[in-house]
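Next up: the structures, one after another.
Two complexes come next, and they have one chain in common, chain A, joined by chain B in the first and chain C in the second.
Let's look at the complex of A and B:
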């Protein structure tokens, strides 16, 4: 699966080898963990992105990109992933940046923890801060990366709904050609992205929110460190006491993390009320396509999605400077 | 596959290792250096028993390629005591009887150390948040949390 998508997830906060309606969904009998890396491969550790792109071109189709390695190496130990070349981005220091001068720019290998700890992210990009703060375990937060979390394209990737709700874009480069696409266009299915062979995610950018913007991220898992059953992020832009803009994104309820555009327009130009929010929740529940798996049933995911969307909306509205919704 | 020579510090001592691409940091620590404090637990980043500090940051050594720690400082539980004196946090673990079978203990102590280096005066919530990736099947965690909290006083 990863072979076609040269990318590695940075974490258990929405990863696992596969997830959600995937034909290769992990069953217990697949856990043939050998405790060593049985496959042989060559490790390439470029110091610049240009060198990484060149290696990727040279070894097209035979290489995977490694960011934090917390998911790639698990896949390789279990022999779900076999590859001839591993190109690690770990020594490219420029990719570790978290830049908040104007728009938020997150380099491909910025760790989950660096984003979670960034004071500007905590103040202005609350949904992302919350997704990163609640991400898996401390060790995975230190090792795992936001870029890897996106590129591994788990339907349950925790940073994805937050970044979708914050209207993020991803910047992809092949060393020859660069392109920027909306994150909402990035995911194609479980483990699948639009990254073509030879392309690397260089950074993620998030437009700076206005003062009257608020966002929130909420998730529910079985235990603290587990992958989410459902995750929700909401951004609201307020104009006086009315909703000027709204973005709602969910994880683990469809084949990719996705925005629910049908529900976003419901309250536009309106004053949010309890009944208005329940209508939004209902629209979300109608639009999602949850499945039943080891973590939850489809029915519970649908129920939970409605509850979390309502809670996240109220929280985002408060942060946008709106009051309690009655 | 080509073995490569890497240079690193393990518990303050310079080491030169010749390692293959698919060698893991944990295996090298245990089998080459005989530092068996870090444990091979789950192997997939779920249990925290293999935790060591790489450049001061808690890392799962079962998911770290040995070649990628070239130039790094690695601290294992064996390096925490200085000149035969236990780290005060190790003493706190003894005082609180925060050890039963001991398998998780090296990871727990190193996570506690990493936390205290960052937040000298943590709350119980900080401690539990920091330790959520370290599983213990004996103690029920209370004594471990208490050891870290009493140490700060």
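Let's look at the complex of A and C:
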């Protein structure tokens, strides 16, 4: 077998370095130059969302949106992402809002830290506060955004299970048309969303929970500051000592963060018991499709998902005003 | 114990390190901060294949872009070993500045330099390399099979060609006494196999170098290095430059954990580019390149130990296999120290060590904090606990009956570096440790039920202090220092020693201050380079304070004698009747005669007199080989809590006791122990760093996001880490000091293994002990298949 390294010399005559050989074939991706952003691009910094949509339409197929940049810049340094235009939302101040007047509204560029530290979020949307806190490293929490975490669409995005369990919806705009869809309809696969060309996430809205609602988020990584091996969020709405509503969502166990509807209905109308929760865990374990990768094994992920679902349910039930489950 | 007459003013005081402010404010300048006029930037082309012949490198397109290119064709065909700590007959030389053949993913094939890093990157991508891809060998067992593709046909050992058979880089057998006889007289014999992983050093700073050509044909080099003198000698050898034309500067280093014990591979590449182009060139590696540059030596150790019913060890047999990766940096030394640490942990009337180090197509192994000691100690201390269990003797008592202590023989760097133990704080470490952790109250191993289970475990160990011994051995070990008293009574210490971040140079200043009777803030550490310092071998083997400090102490004694001679002339008092003491009010050293206290002069005034009277400078240069290698003992006691459902392990408390002789700076010594815990628990529980079998690539691809190491979140809270120091004095060390740095981490993984055994009744023999492994072992144990996880 004869290999080449790298084969393609196209475009080296003038300006900046451009495309090069298939990186998978030559395994160049291990040795990209992460000191610098190798690909040349133009940074566009609109002051309004309309301008952002306009730019996105003008450069359709050649532009990416940047919120906090914590995933995008890494992807660009690793050259998984190559783009001619980067449209930063950083100068659109209205997008930074975290509004808790009625429903929770999180602007597209509100930082992970702003959400994690918001007192209403901490009291009423515990799963989301815990998910944001679990980012763990200060640099990422300050720069990273909840909107970016969703649009990056990693199967392991930590805010996604929390927002799914909290029944969030996302508000999308293209400058021409606006639409609001349930977050559970948003993800299409690893890195994939329903966002169409020219469309930008404007905000996320989460319905205000009733007093008898509790939620919890749990994750495990190899260390605290890590991508999840498994993440779990559970929301329970209590009616007396019975479960009135339940939403269960997991991350890093399928191609997208997802709700496990089959398990959610198990305890509806029931008093939660140890065996009931155990059944919920089993249903979750049957519904997920974990893989083996550098972070963990499929078998362990399946096992852990069951354990964490049980733990998160118990925590959510306590927060909903229910008691210890026996 | 400090002799009573010693009233210390500098040693033992908690003081701020002199480089601390620069470090925390970001003012410190590391290699990557260096910018010189008209400086170019270099990038290295690295092999994407684990094993491949390099058929052709075409540099024409890159050169057309204006870049300077360096390939194997350009470099001197001199094979070398980048770590020249072993004596020349024990140096295995198997590498060139740029590879003749790619032997691991990330091997340096070619390099380019251009006016900017972006231009260099562009030129790098214009290089065309044609490879002939060969079979990738990632398993050391497979590597030794008949018919496996040879990674090398031959290398150089000393000056001789050495043919390599079955990819075995080096083998060592060391036998003392009759093990068959010993095992025959044992009441209990246990044997287990242990495995430890090839973790990445994860030091903060990646490797870098700046090289400037000088008008006289020489070069000045600013490298990431643990030894500026060894870097200079190797550059001289490779590029046939006289040493006085090579000046290697000491640059502050962002941690090493041993990863720069050798001349880093990018240093001669950058020098080659400078010599070819006449340009000043900077070359700094990315994190990904660095993760493909070095790892800790992994080990597979099969250990058999026998003991009498009275709990005395009778014999031991250790088989060790290490997958050294693509280059033999110090495999001979590694096998030597594995045997040595084992022989020095416990008294074995008979022992046999059989070690093999095997080439594979993976990142080369190099020394890492403890150099073989965490590996050996994990195996030995795990099996010692099991033996104690089998004999029904308390594990601590069993250790006290068998350990090598005062008067015993300690192997500081394998069989050729041995000395007698002169200071021994082990009983104190173990007794205090037991008391602090609540040893008598620990649960019966495996007796607990329920989701959360706690366990307490201990392990002891040590590291050597330096690699000196009465006889010349296989290892070079000496240091030198130059000390001068300035005309105001302040002092400059010129020493080639590297400080890895632990404050070694600050300790040197305190030692000099103590000897001279001058306040420690009047002692300065000079910038160092190879033109102005005498030789120091390298900061490794926990030798900085003991050996480097010993040399400084020797030079300070001489300076003191000169000071007293001049003072005698001025004060009219016999030299022997004079003392120097720091005067707090004056803020400097004062020389006086206790019988005639009015006859006094400050060191500053005396130094000024020496200058104005043209008597000469007060200065001395000395070099010292320590003829001992004292063990710096450490004991770990840890309490863990295991969530048996998730398999996660929380450190509830850690008690770490150290016998480092006299403590030079208590705050920094505690920092060493806390750091040792953090590094050790990563090795024990988290870090894996695995390779894809087929491609020879890291599973992490070298990306930091998947090269996980513990951070503050994984460390216990400071109030749950209890550190203490034995009341100990090493007669051969400067003011009784010996080492601490590597000792601080060595027994950590074993202590975790023993604590987990106490909590769960399951013996883990493979690192890291991840939640995945714990859950799998729990499931196996519950289904009655306990034996499956025990060996």
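FYI, the second predicted complex is superposed on the first by the 292 of 326 C-alpha atoms of A that agree within 3 Å, B and C clash if a C-alpha of one lies under 4 Å from a C-alpha of the other, contacts with A are read in each partner's own complex, and residues count from 1 in each chain.
Criterion: a contact is a pair of C-beta atoms (placed from the backbone, for glycine too) under 8 Å apart; a residue touches a chain by one contact, two chains touch by 3 or more.
Being a predicted model, the structure only gives us computed values, none of them experimental.
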item: Superposed model, chain A: greater residue contact from chain B or chain C; value: C
item: Touching partner for A:140 - first (chain B), second (chain C), both, neither; value: first
item: Which superposed partner A:267 touches (first chain B, second chain C, both, neither); value: neither
item: Partner chain in contact with A:36 - chain B first, chain C second, else both or neither; value: both
item: Touching partner for A:69 - first (chain B), second (chain C), both, neither; value: first
item: Chain B versus chain C as contact partner of A:45, first or second or both or neither; value: first
item: Touched partner set for A:89, first chain B, second chain C, both or neither; value: neither
item: On chain A, positions contacted by chain B and by chain C; value: 12, 33, 35-36, 38, 74, 78, 136, 224-225
item: In the complex, chain A residues that touch chain B; value: 12, 33, 35-43, 45, 69-70, 73-74, 77-78, 86, 88, 90, 136-140, 142-143, 224-225
item: Sites on chain A touched by chain C in the complex; value: 1-7, 9, 12, 16-17, 20, 26-36, 38, 74, 78, 136, 220-227, 294-297, 300, 303-304, 307-308
item: Interface residues, chain C side, partner chain A - complex; value: 43, 45-49, 52, 55, 61, 65, 105-106, 117-118, 121-122, 124-133, 284, 286-289, 292, 645-648, 686, 690, 695, 697-703, 705-706, 708-711, 713-714, 770-772, 775-776
item: Chain A-facing residues of chain B, complex; value: 1-2, 21-24, 27, 40, 42-46, 48, 51, 57-60, 62-65, 67-68, 111, 114, 129-134
